[in-house]
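By letter and in written order, the chains are A, B, C and D; residue numbering begins at 1 in each of them.
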Amino acid sequence: MYHQRIGGATYSFDGLVELLAKATPRRSGDELAGCAAESDAERAAAQWALAEVPLTTFLEYPVVPYETDEVTRLILDTHDRVAFQAISHLTVGGLRDWLLGVAATAEAGHTLAAVSRGLTPEMVAAVSKLMRNQDLIAVAKAVEVRAGFRTTVGLPGTLATRLQPNHPTDDPRGIAAAVLDGLLLGCGDAVIGINPATDSPKATADLLYLLDEVRQRFDIPTQSCVLSHVTTTMGLIEAGAPVDLVFQSIAGTEGANSGFGVNISLLREANEAGRSLRRGTVGDNVMYLETGQGSALSAGAHLGTGGKPVDQQTLETRAYAVARELDPLLVNTVVGFIGPEYLYDGKQIIRAGLEDHCCGKLLGLPMGVDVCYTNHAEADQDDMDNLLTLLGAAGCAFVIAVPGADDVMLGYQSLAYHDALYARKVLGLRPAPEFAAWLDRLGMMGTDGRVLPVPPLSSPLRGLASAS
Amino acid sequence: MYHQRIGGATYSFDGLVELLAKATPRRSGDELAGCAAESDAERAAAQWALAEVPLTTFLEYPVVPYETDEVTRLILDTHDRVAFQAISHLTVGGLRDWLLGVAATAEAGHTLAAVSRGLTPEMVAAVSKLMRNQDLIAVAKAVEVRAGFRTTVGLPGTLATRLQPNHPTDDPRGIAAAVLDGLLLGCGDAVIGINPATDSPKATADLLYLLDEVRQRFDIPTQSCVLSHVTTTMGLIEAGAPVDLVFQSIAGTEGANSGFGVNISLLREANEAGRSLRRGTVGDNVMYLETGQGSALSAGAHLGTGGKPVDQQTLETRAYAVARELDPLLVNTVVGFIGPEYLYDGKQIIRAGLEDHCCGKLLGLPMGVDVCYTNHAEADQDDMDNLLTLLGAAGCAFVIAVPGADDVMLGYQSLAYHDALYARKVLGLRPAPEFAAWLDRLGMMGTDGRVLPVPPLSSPLRGLASAS
Amino acid sequence: MNESLRPSGIEDSAARAFWADLRRTTQARIGLGRTGDALPTADVLEFRAAHAAARDAVHNPLDVNALAAQVNALGLGEAVHIRSRASDRSEYLRRPDLGRLPSDTATASDTATAPDTATAPDTATAPDTATARDVDTAPREGLSALRSTGADIGIVLADGLSPRALADHGVPMLAALAEILGDRYTLAPPVIATQSRVALGDHIGQALGVGTLLVLIGERPGLSVADSLGIYLTHLPCPGRADSERNCISNIHPPEGLGYTRAAQVAAGLVEGARRLGRSGVDLKDTSAETSLSSSAAVILEAADPLENSAVPGR
Amino acid sequence: MNESLRPSGIEDSAARAFWADLRRTTQARIGLGRTGDALPTADVLEFRAAHAAARDAVHNPLDVNALAAQVNALGLGEAVHIRSRASDRSEYLRRPDLGRLPSDTATASDTATAPDTATAPDTATAPDTATARDVDTAPREGLSALRSTGADIGIVLADGLSPRALADHGVPMLAALAEILGDRYTLAPPVIATQSRVALGDHIGQALGVGTLLVLIGERPGLSVADSLGIYLTHLPCPGRADSERNCISNIHPPEGLGYTRAAQVAAGLVEGARRLGRSGVDLKDTSAETSLSSSAAVILEAADPLENSAVPGR
């Protein structure tokens, strides 16, 4: 039981799970789960109380029981006590001060990388609840994480993009047209990744062959991915399909993962299968993972110690523990993707996007964000512009981009290819170096790093979308 | 009468004033004035219709009548037809395309400066209504405006700050303490500016002497200002007080300015009086002007042609016409200052801040923003972090900063001194060069441009706040 | 919309024709051109109008009576209307938990264990009510109005996040399913569900006592596609089923999206597989396309008639 | 709040003492220290708590009956309560226009032109009502309850944006004003106004028929200062006055803010000036400090007793 006096009133919090939830900035998903603070004052009190919790507490009192949850077991069993040494004396509040103090130093990248494996998801979630948006940006920017396959993702000064050419019937011509559009706008350096409309192994294989042929034909230094269920991809690896990256959605509890039809050992197996193909050139990170606040609650798998609902942001960070076990090339939160029941409006989406990004990076992940919203949420393009710009400032590894911001298959708005150009220009960022060199070879890279407009008919890429 | 078909329905707009208002992104002040669009669809239709209005229309149909409003007369009588030439064939929608096209070129700063005097406030307001937040940022960033007095404000790569050391009773010791705090945190390069709690000429003079002595004693390359009513300042200039900058709040209609107790000729006189003192070193811009959406409506002076309410953002840009007539050193919108009746929440404040900043720069002003909110608005520090970061990316000339973000006299939250350090660090920005050199002389500037922490007792500045 | 807004210098007409051609292969907003690094004004404005329309689409309610009349006309039995516990659209959006529960208190197991209790008051009066209803066209309501049928297959028409999708595609999709499944399996009378989430079907499926349940549900409306229908298949439906125990056929909205016949074929394949496997979900894969021709994607890069309806995935 | 959160490495104790000393001169959040470039955690948390409290302060209503009892006890006449047209706190915040209008329909000019119409029904029953009210402590209400007094000065106690400011400082400020103005001028009975904006006073002043009106109003609550009172002076008040025709004395909240006596002195000086000038506003300046000693700010940099109440501006 935690107690906190504030403004004349005393607030009590029954255990760490409740304290974490009440200390979370307001969001609809926690209200839905019934664990949110009831007033700003209660929230402020919870933050005070949380600030005084020693980090060691998180090692002693798991938020989800060790016995029944394999994610908890993963977190505690792989916790690096040596790395933890440097911060083991701190409280959560002290950790915020420490992080911001380090972030202002020249050797921040090194110092933060050194403690990364000593941090648990719950510690990182806790400290993020005390952090303002500017703290989330400043600390994230100071963390350096890179990963590679055919391009290097996460280098300082770069912003990569997933080119997402989805189509309602997986029509190869429509998909090729969207790929062409994206490449002409300088996108695709993180991955060219299709969500297949069907889960048919055959259709998935067709798409894999399509993307692989395009890549080879135009000698594009990038990786492809068809985001089917991991079991489908594993089957196709076995069948000899050209699989670069192995995709799966993951979540922060064993129950939520099982709702997704996966568990840690299956994912490890998938990682092995992917690596065994040795298709990478500059690196061998083969996993592509998506996460997003709310998925555990959506699966009814959000209860923690004492049967209390765990707030969605803490659960989200736990998914990063699963992710870092797999040395992924790409991880992104799909922040506004699910809907207003978890993140109500632009403000909540922006906050969650910055939290997920910062927490993921602190835990050592090459973190990207699907800057997006649905038509049932209270958000619009202005909110996305804001989030994109903030993430660019925060050193986000990659974002997702689709033609004109409109995903015609998934029914939501992500960024447009153009938006990546905007962010790169205004913030002085560049594509992944291997991809930038390729753009340069095609005459598409200005001396100032700007992706130049090229009429489609004068680009060799035009062949991509027609037979001639 | 303008008509627009969209989604099967036809919308009609009775004249330019109504069209501008309905095309404005949603905000409480326009709802209060009764001129806001009634649905998103109506707003989208108005934007379509507005996009097709030729720019020349704004020269023919003033939004506020020429006969009864001196701001309109100023706008039309000083309109530069030669500068306008380059864009005179465009519609409002075409102007957006033109601006963004130019912004992506290397000579953007020059091109935009060349048309600035050909743009009227209404043209700029109109185009901003079609622009997304990212457009407002990209275009503002491309505009270069500089002004100088003892420091140079507005240089690319810099972010200056007004140090605002207000006190409820204008107590000189309390004010000096707040000045010391700000200087130690590297703030004050745009101006050290006090809002006096009283309008007593005597008290104002005392503060002017205080600031001038501090400046001279520590040889600080900056300018001071006491933000009393312009008439008070003019009286004090006459009386020989050490006035660097002449302050006044201004608005976009003759009526609203008269509610502030000013008119254009009075302001011109004040400008002359200020310049006559020749106290500047690197430049002779002496005016400091504040604006803010909502002030005309608040004064009941917001009606335009045909007696129709003009939207608050269009009126705000008209205040910039008054400002540019005065070649100011500093102009800032006090964006979230007045309250939720004009800008309801963080989203509206952020949008308005980006609009005001971009429109002011396009019109040729060294534009700053008071990134702020009141306790009766739905906003918090996270919103301010967002706006500050976005403005930093947009090349904002300066922001306002107070101790701990809490103005104990004006009853609102502006930025903290610390926030300027954050923005400079994350976005790679520096203080005004003259001030940066001074910080360097005091050992407060790191090689990476970071303002170094200095214990107050080991700083020569400590004498500022005590007699020893 | 006035094309005069398209700045003529930015895209020449050859490029326009190039993209116009490709645009026949996808609804995606490809080839929009650039003004500087940004989207051209016309596209920004078009986007805003589409966004306003898409937001409205979420909130427009389903015309249940009209749908029921069309469903009943198919002769598959008289449709019953099940409401979820979400009382209106706004609550539905914020409370997915309520959208998964039927509004009436009769639990599914009550109904299941007492399928022929003709003494239950509302059951006794049901025929009268039906007559009365014919006049005002409203279908019978509530879980208690469902009979356990023991049928092989149950079909739910659910509004989900796009009532329009159900209104546009629900009945033809139902007809296609009935045609392909009807002679192989027994079908329970169709059920209409409103303010519904996928998992509401578990209660309905249990109450109907069916072996496999197909929930036809409106997928969330996108900017260009606001009428997309999904089918979620659950074998041995009962409350508590996880999403990993279901299969999904998505993006049904011909002509651009998946066609009814193809979707029904996939569904039939999955039903067959689920019955063989004894369960649905991740272990069950759609192999209905396995027999189609291409083994590499090479062919797909060949010119195809752009006007041909591309409803068959992976061809 | 636990000081353990203050990281000991960041500020040494000498610096702490230095700032603690200076903090006695201002409520501003000076000397907070730095963690990297950011505010230390303790200050961030303290800020959030203060913000939550300040937001509540805006919404807590004024206890009108308690205030009326205190006002009446001063013997300046019985206070009448005027409500604006804003019906609750939320409408008040969004609709400043309504906060400037009195709720009852009697227009100010009706009242002004019929000051002694004892036959008006509510006037006739006024004394009875007063007795009845003494029991339940609620003051008389409405513009129609005001008499045109022809007094030199009227005083309104208005909740404005900080009812707490009025509750804490309204009565002592009124007393200080009465003391300094009472023997020179005639005073109308005080008026209490709720959901009020400054300009509501114009209607009240006209109804009272006073020469100069002083509106004591709660200024918007800040983070550290939630109880600040302002006085807005309007000569010859009537609906339609611009803010440029008023004068303002702000930040009254002793001990840190301006003290009552000093504020009353400034007000008296402004009243005198306004009567001489025939108007209030920008042409009228507060010259009440003109006689104080320092002619340069040099002296103010000298050590001053930090405990001394610094209520006199410019000294």
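FYI, a contact is a pair of C-beta atoms (placed from the backbone, for glycine too) under 8 Å apart; a residue touches a chain by one contact, two chains touch by 3 or more.
What you are looking at is a predicted structure, and each value in this text was computed from that prediction instead of being measured.
Colleague: Where the contacts of chain A and chain C overlap, which chains show up?
Modeller: Touching chain A and chain C alike, sorted by label: B.
Colleague: Centre to centre, using CA atoms, which chain is the farthest one from chain B?
Modeller: Centroid comparison gives C as the farthest chain from chain B.
Colleague: Considering B-C alongside B-D, which chain pair is linked by more C-beta pairs in contact?
Modeller: B-D
Colleague: What is the distance, in whole Å, between the centres of chain C and chain D, each centre taken as the mean of its C-alpha atoms?
Modeller: 62
Colleague: From the C-alpha centre of chain B to that of chain D, how far is it in Å?
Modeller: Spacing between the chain centres: roughly 29 Å.
Colleague: Roughly how far is chain B from chain C, going centre to centre by Cα mean, in whole Å?
Modeller: Those two chain centres are 52 Å apart.
Colleague: Using mean CA coordinates as chain centres, what's the gap between chain A and chain B in Å?
Modeller: Whole-Å distance between the two chain centres: 37.
Colleague: By the touch rule stated above, which residues of chain A touch at least two different other chains?
Modeller: Those would be 104, 132, 134, 138, 381, 422, 425, 450.
Colleague: Please output the residue numbers of chain C that touch at least 2 other chains, ranges allowed.
Modeller: Residues 37-38, 48, 51, 55 of chain C touch two or more partner chains.
Colleague: Based on the touch definition given at the start, go ahead and assign the chain network to line, ring, star, complete or other.
Modeller: other
Colleague: Pairwise, which chains touch?
Modeller: Contacting pairs: A-B, A-C, A-D, B-C, B-D.
Colleague: Which stretch or stretches of chain B touch chain C in the complex?
Modeller: 6-7, 39-41, 43-45, 47-48, 51-52, 91, 93-94, 96-98, 100-105, 130, 132, 134-135, 138
Colleague: Looking at the complex, which residues from chain A come into contact with chain B?
Modeller: Answer in residue numbers: 25, 104, 106, 132-134, 137-138, 141, 345-347, 350-351, 381-383, 385-386, 388-390, 392-394, 419, 422, 425-427, 448, 450.
Colleague: Where on chain B is chain D touching in the complex?
Modeller: Residues 28, 32, 165-178, 180-181, 185, 196-203, 205-213, 229, 231-232, 235, 258-261, 298-299, 339-341, 344, 374-376, 380-381, 402-413, 416, 418, 421-422, 425, 450-451, 453, 455-457, 462, 464-468.
Colleague: Would you mind writing out the residues of chain D in touch with chain A in their complex?
Modeller: 1-2, 4-5, 7, 10, 35-38, 40-42, 44-45, 48-49, 51-53, 55-56
Colleague: Show me the residue ranges of chain D that touch chain B in the complex, using the header's touch definition.
Modeller: Residues in contact with chain B: 11-12, 14-15, 18-19, 21-23, 25-32, 34, 37-39, 43, 47-48, 50-51, 54-55, 57-58, 93-97, 161, 219-225, 228, 242-244, 247-251, 253, 256-258, 266, 281-283, 285-290, 292, 294, 296-298, 300-304, 306, 310-314.
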